[in-house]
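Down below are the structures I want you to see.
You will see chain A twice below: alongside chain B first, and alongside chain C after that.
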Partner chain A sequence: MENDRILLEVSNLTVNYELEDETVEAVRDVSFYIEKGKTLGLVGETGAGKTTTALSILNLIPDPPGVIRSGKITLGGESILDKTKKEMTRIRGKEVSMIFQDPMTSLNPVFTVGDQIAEALMIHEGLDKSAAFRKAQEMLEIVGIPGERAHEYPHQFSGGMKQRVVIAIALACNPQLLIADEPTTALDVTIQAQVLDLMKELKKRYGMAMLLITHDLGIIAETCDYVAVMYAGQIIERGTLEEIFNTARHPYTEGLFNSLPNIADRKERLKPIPGLMPDPTKLPKGCAFAPRCPYASPSCIEEMPEDIHFGGSHFCRCSAYKDPKFHIEREDINE
Partner chain B sequence: MSDKLLEVKNLKKYFKTPKGQLHAVDDVSFTIERGKTLGIVGESGCGKSTTGRCIMRLIEPTSGQIIFDGVDLASLTNRQMRKARKDIQIIFQDPFSSLDPRQTVLQAIAEPIIQNKLITGKEAIEKRVLELMETVGLAERLINSYPHELDGGRRQRIGIARALSVEPKLIICDEPVSALDVSIQAQILNLLEDLQDKLGLTYIFITHDLSVVNHFSDDIAVMYLGKMVEKAPADELFANPMHPYTRALLSAIPVPDLRYRQERILLKGEITSPVNLPDQCRFLKRCYSSCENCRGKEPQMVEVKPGHFVACHLCSR
Partner chain C sequence: MARQQLVSRQYMKRSRAGEVWHRLKKNKGAMIGLAIIVMLALVAIFADLLVDYEKDVIGMTLKDRLQHPSKAHIMGTDDLGRDIFARLLYGSRFSLSVGVVAVAIAVVAGVILGAFAGYYSGGIVEDIIMRFTDIFAAVPNMLMAIVIVSALGANTMNLMISVGVTSIPQFVRTTRAAVLTVTGQEYIESARAIGESETKIIFKHILPNCLSPIIVRVTLRVSSAIISASSLSFLGLGVPAPNPEWGSMLSTGRAYLRGYSYMTLFPGLAIMLTVLAFNMVGDGLRDALDPKLKK
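== the complex of A and B ==
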């Protein structure tokens, strides 16, 4: 891998939320990278640490109680965590933008949408008010909203339109990296399809990289180049889209796929993962998935698994693979 | 002769708004046989939840008949209706706001039993609650827990236990798994399926998630802006969708399998307001295959194949 193709690199990131009488281990020793122009999908269930990982990249972890205990984050070769507050302000919205899940609450109700897009342009691009507003109207056109609606307020837009406005703000300064945290979860399916389509098109047009956070494997399948699966604060498997969907290795990844209704055979019974995600304040010593894992051996609960590599970028964090003959059931099906 | 449990005829619910009449549910008719599941799908604002609530008369319908087990619920007095609700229960979407935070699991599940005077005596009630908890897969030790101590999946199990406590014939499931994570979703869906087999329950399954509804339903009805636009057996609907809206909706589901790539029909625009609608096809503004005919009167549901109904001028010709 040539180094200059890598835009973002996160290594050994550990983030805790340290409360008075307990510590939530939200992100535990997470490492990944994103190449220029590529999309990495971060998938996992509620509480897996997806959003905390994303907020760390922007250095936006609420502190207190959030503390980045260790790790390094480099963007275009520069270390994010060493930046001053002022330098960070210049990076956010300019180099890295973020779209949040809920478009209803991420816009300011008392400013017109045009002003809100223009604000980013005035801060980062140094445009004056009227030039910024004209550019804001252009941005609206790009996301499929008539430019004259720039004078309207957020409440005059529907949910899908608001998310388009948020996308327009995020893309106004042509960022290198877009972090999208569940960008379509609050939207209806037909609107979701429109927004995903728009994001794909804009990504191609501007050549930006994207970190897409979602719990929906269907969205991952449609938009991502690489996939990282998170469980209890760790990336437990990572690979290309094909590797994860066609030759998944980790028992949890298998469990996620089995939980979904099968489109080919709709009468097939769902196979849920038994049990619940462990309490992040009382994580087990060994593999966090072991208590729910059908393949677990007694040693899984005791010792922390290591990353096992399968060639290329595909790895999974599971001790069972120390036995070279081990494979999950899903593999039989796909062969 | 099929065994109809519920027959809804020309159900309408209009709300008065300052701008005019909002047609939340507009002339919806369907039937459900005993022991079957009807899925109602559609996007937010299409009237699927209002339909569910009108059946229980949690919202008073404007007009229409709701014939449940031979009795027209719409004609009952409030007092009679309260008794009738013993046979129809509802499970809500959000297990976080549908439970009283000050009630323990025991109190929450016992409440409908006490209200309906099904069992008397503290011990007998507690025994029944424990039985119900076992049925829905809640551990006995949780009997004195409060909702805030439990996760979403367990809370939804309490909601299901409450619904089951009065031994209903019909359960309306209004987005019962949309607030849950996928691995927990599958647990709850399996539970609902097992309960149907064991207790012979009939379900109305309201959801926006098409893959879930496909897995779960015998028949599927698609709603758009207060109207039912298509209804067919689940296999038929997925194999042979006819209404342009249904086709777009099905093509919009992101499929978590790289082997199934499908051509996507992207709809332009968004759902229009259901206030003061003209007498023409409601989907016309977003339709990609409309013709001159479509500007005329609103299309009615027509049976194009046995069991497959569709309300579209093009399809019914």
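== the complex of A and C ==
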């Protein structure tokens, strides 16, 4: 892996939300990288720290109470966290764009959609108002909305179209990296498919890299090159799409796959992972998943597990693999 | 959700302001109030054409003093023989301009302070602004206005300033509350994510979304500013003597209240009517700007 292929590198990132009487450890020692033009999927359940990780890439953690305690984020070789406020505003929207979860609320109700797309162009490309608006109309056409609708307000669009507008805003300045935070969660399934296809197509067209945050493994399977699984603020497993989907190693990843409905046997019951995520203000000393893990040994609760590498980019953070004979029992893999 | 879409389809062709106007039109009280305000404003602007300042407004004709309403003087004359109706017409200038300018002062200062307090909530900026606002609001409005006018000297400009300053805390609080809710919205986060600067986020993205409560507050506050201005003039701290400010007309009429009540009746009615008009428009606007409040 040559170094200049890497666009974004996050290493040992730790983010806390420090409140008066307690500290939420939202992101704990997270490291990952994204190569140019590739898509990394970040999966995990609600509260696993996915969004916090994404926001720290833009240095947009709400502060207070959010604090980046340690870690390094480099984008194209430059350290993000050392940038001044002003330099940061030049990166946001230009180098890195972000799509938020709910298109219903991520457009400003008092401006026309054309103005909102033009805004980014005026900030970063130095276009004047009319040129920016014309470009905005082109962007709308690209995402499949007639250009004349640029004069309309967000409330005149449906949910799927709003998300297209949001995508148009994010892509207006050709960013190198697009962060999509659950871009399709608020949409229904048919619209989801359309929006995902659109994003895939645009990604290919502009050759940008993408960090896709979701809790939907189906979306991951369709769009990602790499997958990172987050649990309680840590990346507990990472690998290529094939590695994760075919040879998942971490018991939590296994649990995620087992809790998907089985299409071949519709009468079969779902097998959810027992228990709940630990309280992020009182994380256990050892492996955060240990209390729910069917393979846990007493030492799991005491000791923080280390990353165990399986060759290539695949690693998993689970102490059980210290025993070379250990393997999880995933049922449907070899059938 | 579904309802919201229905509504938006129904209003497809209208802009946001058009929608508000459409809803406001249905409110009879607000339209009456608006008509009164427009009329008052026209009278105030064209007062010079309607009455002769030198002759009718400040010119004394002592032989005509304290006349009852008649054809020549439809509201009677005052203790110096001046036509009360002419003085009322001319007086609308002072009352309206004091109300509008005072509120303008309060809006500019209050909205800017409130916006910063709301945007930087939880920080030292908010603490400083809000504590000062609290201190200001803790002093009774009238007392504060009296202190300011007596310190600066009684004239029309100082009257406006004093009434304006005492109205600032309300605008700070209204704006801060509105900014707090809007700042939490996702579209503000999106604005940050496209690299918008903080001042632009506050003034371009947040404030336009906070306009509704501020507009309502403005109309309601204009009416109380008119009352405050009249009260100060009544106390002799407002518009100086020969000028026909409604409050000071009330004040001079007070001496003749028992034998000749017209001198207090008509200025009092004028104040009441104006205040009522602004309040009705304010109430109507509140309903029109927030369709959720209706029914």
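In this section, the second predicted complex is superposed on the first by the 331 of 335 C-alpha atoms of A that agree within 3 Å, B and C clash if a C-alpha of one lies under 4 Å from a C-alpha of the other, contacts with A are read in each partner's own complex, and residues count from 1 in each chain.
Rule of thumb we're sticking to: a residue touches a chain if its C-beta (ideal position, glycine included) is under 8 Å from a C-beta of that chain, and two chains touch if they have at least 3 such contacts.
These figures come from a predicted structure and were not determined experimentally.
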| item | value |
| --- | --- |
| Combined model on chain A where chain B meets chain C, clash or fit | fit |
| Partner chain(s) touched by A:155 [first = chain B, second = chain C, both, neither] | second |
| Partner chain(s) touched by A:257 [first = chain B, second = chain C, both, neither] | first |
| Touching partner for A:105 - first (chain B), second (chain C), both, neither | second |
| Which of chain B and chain C A:130 touches, first, second, both or neither | neither |
| Contacts of A:120 with chain B and chain C, given as first, second, both or neither | second |
| Inter-chain angle, chain B to chain C through the CA centre of chain A, in degrees rounded to a multiple of 10 | 80 |
| Chain C versus chain B, contacts on chain A by residue | B |
| First (chain B), second (chain C), both or neither touched by A:84 | neither |
| After fitting on chain A: smallest Cα gap, chain B-chain C, Å | 6 |
| Common interface residues of chain A - those touching chain B in one complex and chain C in the other | 158 |
| Chain A residues touching chain C - in the complex, by the definition given at the top | 58, 60, 64, 85, 88-94, 97-98, 100-102, 105-111, 119-120, 123-124, 153, 155-156, 158, 166, 169-170 |
| Contacting residues of chain A [partner chain B, same complex] | 45-46, 158-161, 188-194, 196-197, 215-222, 241-242, 245-246, 255-263, 266-267, 269-274, 276 |
| Chain A partner contacts - residues on chain B that touch it in the complex | 43-44, 151, 153, 181-187, 189-190, 193, 208, 210-212, 214-215, 234-235, 238, 248-249, 251-258, 260, 264, 266-267, 270-271 |
| Contact footprint of chain A on chain C as seen in their complex | 4-5, 8, 12, 15-16, 122-123, 185-187, 189-198, 205, 208-209 |
